[in-house]
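Just so it is clear, A, B, C, D, E and F label the chains in written order, and each chain counts residues from 1 on its own.
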Amino acid sequence: MDLSNDDIRRHVREALAEDLGPGDVTTLATVPETASVAAAVVAREPLVVAGLALAEAAFRELSPDIRIRAETADGRPAAVGACLMRLQGPARPILSAERVALNFLQRLSGVATLTARYVRAVESTGARILDTRKTTPGWRRLEKYAVLCGGGQNHRFGLYDQVLIKDNHLAALQGAAPNPVAAAVRLARQQYPALRVEVEADTLEQVRQAVEAGADVVLLDNMSLGQLREAVALARGRARLEASGGITLETVRPIAETGVDFISVGALTHSARAADIALDFLPDAPAAAEPSRA
Amino acid sequence: MDLSNDDIRRHVREALAEDLGPGDVTTLATVPETASVAAAVVAREPLVVAGLALAEAAFRELSPDIRIRAETADGRPAAVGACLMRLQGPARPILSAERVALNFLQRLSGVATLTARYVRAVESTGARILDTRKTTPGWRRLEKYAVLCGGGQNHRFGLYDQVLIKDNHLAALQGAAPNPVAAAVRLARQQYPALRVEVEADTLEQVRQAVEAGADVVLLDNMSLGQLREAVALARGRARLEASGGITLETVRPIAETGVDFISVGALTHSARAADIALDFLPDAPAAAEPSRA
Amino acid sequence: MDLSNDDIRRHVREALAEDLGPGDVTTLATVPETASVAAAVVAREPLVVAGLALAEAAFRELSPDIRIRAETADGRPAAVGACLMRLQGPARPILSAERVALNFLQRLSGVATLTARYVRAVESTGARILDTRKTTPGWRRLEKYAVLCGGGQNHRFGLYDQVLIKDNHLAALQGAAPNPVAAAVRLARQQYPALRVEVEADTLEQVRQAVEAGADVVLLDNMSLGQLREAVALARGRARLEASGGITLETVRPIAETGVDFISVGALTHSARAADIALDFLPDAPAAAEPSRA
Amino acid sequence: MDLSNDDIRRHVREALAEDLGPGDVTTLATVPETASVAAAVVAREPLVVAGLALAEAAFRELSPDIRIRAETADGRPAAVGACLMRLQGPARPILSAERVALNFLQRLSGVATLTARYVRAVESTGARILDTRKTTPGWRRLEKYAVLCGGGQNHRFGLYDQVLIKDNHLAALQGAAPNPVAAAVRLARQQYPALRVEVEADTLEQVRQAVEAGADVVLLDNMSLGQLREAVALARGRARLEASGGITLETVRPIAETGVDFISVGALTHSARAADIALDFLPDAPAAAEPSRA
Amino acid sequence: MDLSNDDIRRHVREALAEDLGPGDVTTLATVPETASVAAAVVAREPLVVAGLALAEAAFRELSPDIRIRAETADGRPAAVGACLMRLQGPARPILSAERVALNFLQRLSGVATLTARYVRAVESTGARILDTRKTTPGWRRLEKYAVLCGGGQNHRFGLYDQVLIKDNHLAALQGAAPNPVAAAVRLARQQYPALRVEVEADTLEQVRQAVEAGADVVLLDNMSLGQLREAVALARGRARLEASGGITLETVRPIAETGVDFISVGALTHSARAADIALDFLPDAPAAAEPSRA
Amino acid sequence: MDLSNDDIRRHVREALAEDLGPGDVTTLATVPETASVAAAVVAREPLVVAGLALAEAAFRELSPDIRIRAETADGRPAAVGACLMRLQGPARPILSAERVALNFLQRLSGVATLTARYVRAVESTGARILDTRKTTPGWRRLEKYAVLCGGGQNHRFGLYDQVLIKDNHLAALQGAAPNPVAAAVRLARQQYPALRVEVEADTLEQVRQAVEAGADVVLLDNMSLGQLREAVALARGRARLEASGGITLETVRPIAETGVDFISVGALTHSARAADIALDFLPDAPAAAEPSRA
């Protein structure tokens, strides 16, 4: 997965329109049109970088005359004080785009950084960290891209690219079929032969049914470590297993050690806090006397 | 401030398109078109509600035949287990819109709930909790609305509706004017007579300059409690004061007790975690045998 | 898969804007505002119906006062002369929306009808007819929906929901890995554990490599009937097989009888001709004397 | 008529978003970011070219670093094996844009090629081949442009730029005016003095009425060759004549020889099959060992 | 011509978004959610009405609960004090939509009113008043609709629906053809046989050339009354004549009396002043004590 | 305030699409693709320039090959005959963009020129000329930008960036509060502490109430010169005063001399006539013989 030019352009233009509205009144009133600056985007805490292309596009959109140099790349760790990007050019567009650029970078680096902590926590267990569909509406591609930057992997992108049968789907077949899990898997295979089929299981009996019905993956919802181990024993060789439900940085390693293939973590996207990143200015040129009219 | 029909419609349609793409394959394959359900949106932790109109619109967009009844209102607290909204109708659109509806409700209620904790922390001090421009790009109106739901107040909506002179703006005038703060306030008043002017101050000397220059509000950036008290003493009667910078639930009350008018908290929007809210289903009708073709 | 309200609305509004521009001058000049008509959408050749919801939406968009009754459903066959939809109401919007409604219905029914012929040709062989990505740009969901209406099934929706490794992808790994097929499958599994992996094969040796590399599906490109039979013998039980490349109504049955699982046919969407469908009018009310001003 | 930058940009961006969605997973997983290729767009059957600018824009949108050289121009014939366009540059964007570029080129060249066959069939008769409004919704400008490339001419662009009075319009005036054709033409002239007025005629009597009413053009709907000749005799010198209705490559020449001015053919746009065009790759650089992370 | 639902919806939503932004702060702060009002849209000067559907849509968009009754129709004259529309319902949306509704109604009624004055000035001369392409960008359909409401007629809608050959077009052919006017008309006829051809003439010699070249209409640019009369004498029976260039209410009648067919007036759309229309409120219900929270 | 790239791009693209539709038929038919011209945008009356960036963008959008040089800047006066912009390059795109470029420039320069007349009329009185919300829907930023170019200042941008309490807002509080003005100001301050509060007054008693309630600005609606003078005497030192209501170039100076701070004039935007600006062509290259096909 990769951010497309189209996604970057649409997100950045919408964000600038939202923030600038009819114009950046402070900058227009106080900063001369001819003033220029040098500035650096700097990490204020240890983090994993994500979103440089969006930050760069925010500045570019306001002026083609800003020189921009990325000092790192998405997916790389940054220490406190590390410079992520350097800017030099007209002061007005740099000041006006600052907050939008940082808002993208801080939120996406926040997701990448949290993901990287989960990934590190399960290191060498063989389990992989997945995201979920609990993303900010309108931001799914951005946030799933940030999960990749943090070393995680992407679960399905939406309701369209994988079948995931939950208890609410099964409820609809309850009366109609003796084995609803088998019936649901069969219906899904029939209609969508090209898609992977996953089944949610709350009990070991459901795990057994799902494996026998030929599910590609079984989602183990809120199971104890003991149940997870039994599910692994029961399924091995026939379906892959995904642990899910209220997983934290404290619980993720023992879960990974049960032998499940995937651990999906909603918090990666729904509860990451923004990474602390700032733009530091260094005036690089003598300012003109009084600003000319806007 | 209020969410406009236009904002609701645009956000909900974009979110559904993003999640459904070519279609909800699981529901189409396994749930008969004639199946109907009853369901309830339920709080899984204590929270302050925000975003009911978006959740409702998500279900409505997929089917006009769903009966929806809000059981509370935005801005109200909800206890664990409280029902926020009841739904009854065709199972397919309810299942397909579930995640989008919850994603809006969880994120906005998360912002409202965190805001309410800050507001409660400063109760009876006279200080008010403000948000910032550190919002999710594209979501500013939604998140600022959620801050209102939590009892907070909105700082400026963008770069256009208030002048806020920071050190980077002053830097541009450094060489050109003997008193840059006074020069900047004068330029802003001249060009934007209809707008409120705020000046950021890092030192007490800057507070004094800003007050004398006639700033409406002075932003006290990262000051100690002692500095804040001196600033209050220095400014009282002539400008309002806003404390800002790294404020937490632990530090917010002593800051409020210094006598400042406003405390602005970036974390309200950039680092709130999603509130825990779920959709519980109750099948309300016998399901048909096999689903008809999509 | 199902057409979403959002897709229907966007396509219909764009089409009406394109056709009406500043207005339907003929109707405005010659048809009184008070005139009303009854009309029927009628099949002029045997066909399979697809697109009724778009046709209905085109009329609705121009006037809420038209009574519309579908006389059949998408996916059903229609004989020559069969009535697909009845309309009654104001003459102007019915006349103005006629061509747009028919353009949707004719093109999508054309795709469904052609698909149904392929599906019928392979009846009882066990092989399934799939579409491809050779769709009209901007129309992929509509055309893939029409394929479903004709009894076909959908291959991947885009480049995002399935891995399909072709020779051009392998070429990039040629120098770098001793067994490029195995290397490519491994790389894909690693990065996209949730997605199905298909490999294109031009020779039986490539089929063998793909099966051994663990591909879920092998695409047999332009193979002779003899090669197809050998591929089936070689792969059975380990990967599913998809025949592809220049398949026609004449060649599709023998191909299906080789035992392949899927046959993908680009012509379903890139070369279907429009079904012959017309709107017949029956004036149902005495017209007013001279039309009032537009 | 010419394709505007705006049309090209909108169509290409929509098509790429539709096909790439969250990303081209196969290419991202298997093709190193540093790999580069040379490729050629090649005709696999004799055709008339249309849509080069859209194909080029599809590649450009994904990367500014691809060198693109058109080897022919829209409107020119191409033999089997002829190279239409050469590409050189980074492999990933070329692979990811391939299908979208070809989908535009194949569909529009299909329309141009079919048009050219009709144009050639009526050569030296003086009759001109026109398109109709039976176009793919949303694609009218593209398809009408392709008709021009094939040597045809454009009928009206929509309901707005010409008056075309059909029997359904006349029905509304039936009771109210002794000579509905004359009344309709008069009403149209009155309200839209700047527009050309065409009248549809099913009988020679209607042709006579239309000519006497001063119609600029008379549309002869589904008439026999005998009727067409009489219509020409009847109208000559006073109105231009357009033959229409179920015209095929077999029937078009005798129709042209009756002396009509125009022959309009719905099939040009509603039933053209895609021209066979492919992208052939030539790896031009040693590929890197393992692809770096997406 | 008629305003489409799509045009109305897009214009009204854009206008409300522009005016309300994050919300109508005054109304939200001071008007209780439960307050209701009755109000009337009233003419403050004599005018011709245009734009009622846009005004109504502005109120409807903000609340479906407002009862709206049009008291007149577009195209009708209104005396000072005449009520154009009555409203009753919730006070907040009525207050918030007021300015947008009036801005549409005032501007379009201004165009209709000015047009009606020109139309009245040429009464019984046989000449018709046409608009031009000198419209507010983005508003062409709205303004041309208002011209119709005032009794004028529409010239071409854009560069696409009529050929109008001006001196700048002829300049390009100057060296290449002995008679550029004839060459240009022939080229236009050849390429766009379905479109009307108009030629701009600055001198009587050019009028003669245009008529002989078979132009449908000749545009007489900035000619004296004497020249206009000669042009009429020269052309009668063979081409229609349009006077244009700096025409005012003072000069329009003598020009009409020369016998020209059309007089086109740019001022209709580029220099109409807004009609004076206001919204008068009548509180119809006792207001609640203190407004509830927004 | 400044026009953003995004505003310019959206307005220009919409305007070109509206005017060109499927293409500029006249230019395509008569002007050879290889023809080039030089042209100058020239003032035909004395005016103040506004909108050069939009005019330039209109030409650029149609061709990157046009050389464009602005000969003045927005906000500068231009004498009759002054050249505002020079163009050189391909003839087709220059001819096709001409009207759109002029429509922007004429309308915005019209607003700037009218504003400049009001500003000059109040010179040296200390009063400032403000615009209103009576703008063309969709054009508010453009028109407010033109007011700045004319030397005026901007009142609020919409309903969101300032509180303005009118009698209709007060009516809602009439029964509920002994002093509605004071109640309304208090409610507004409470909910929107960051915004400026203005109160409309029809009588001197209301002026007194508004000043005592702490309004930042009092709007004096339709007051006589005598009343205005008394209001100034009454308010001085405590609130700023804005005169409004039916102000003309004749009445504005005496009003300014009463000592009010601001005078708001709706006519600046709702009734400015277009400035007279034209594009003069100078062919700069021998034209090719016959135009090649479009």
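Keep this in mind: a residue touches a chain if its C-beta (ideal position, glycine included) is under 8 Å from a C-beta of that chain, and two chains touch if they have at least 3 such contacts.
A quick note: this is a predicted structure, and the numbers were derived from the prediction, not measured.
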| item | value |
| --- | --- |
| Touching chain A and also chain F, the following chains | B, D |
| Contact-graph separation of chain C and chain F, given in steps at minimum | 2 |
| Selected pair, greater C-beta contact count between D-E and E-F | E-F |
| Chain D against chain A, contact positions shared by both copies (same if over half, else different) | different |
| Chain whose mean Cα position lies farthest from chain B | D |
| Approximate Å spacing (C-alpha centroids) for the pair chain D, chain F | 43 |
| Chain A-chain B separation of Cα centroids, rounded to whole Å | 20 |
| Computed distance of Cα centres, chain E from chain A, in Å | 50 |
| Junction residues of chain A, two or more chains touched | 1, 20-23, 25, 28, 140-141, 154, 157, 160-162, 191-192, 195, 294 |
| Listing of all chain pairs that touch each other, if any do | A-B, A-C, A-D, A-F, B-C, B-E, B-F, C-D, C-E, D-E, D-F, E-F |
| Touching residues (chain side chain A, partner chain F) in the complex | 13, 16-17, 20-23, 25, 28, 61-62, 293-294 |
| Parts of chain A lying in touch with chain C, wherever the complex brings them together | 1, 128, 130, 153-157, 160-162, 191-196, 217, 240, 261-262 |
| Residues of chain B defined as touching chain A within the complex | 11-12, 14-15, 18-32, 35, 37, 91, 95-96, 99-100, 102-104, 106-107, 110, 133-141, 157-166, 168-176, 184, 187-188, 190-192, 195, 266-267, 270-271, 273-274, 281, 283, 286-291, 294 |
| Chain E to chain C touching residues, read off their complex | 1-2, 4-6, 75, 140-141, 144, 148, 154, 157 |
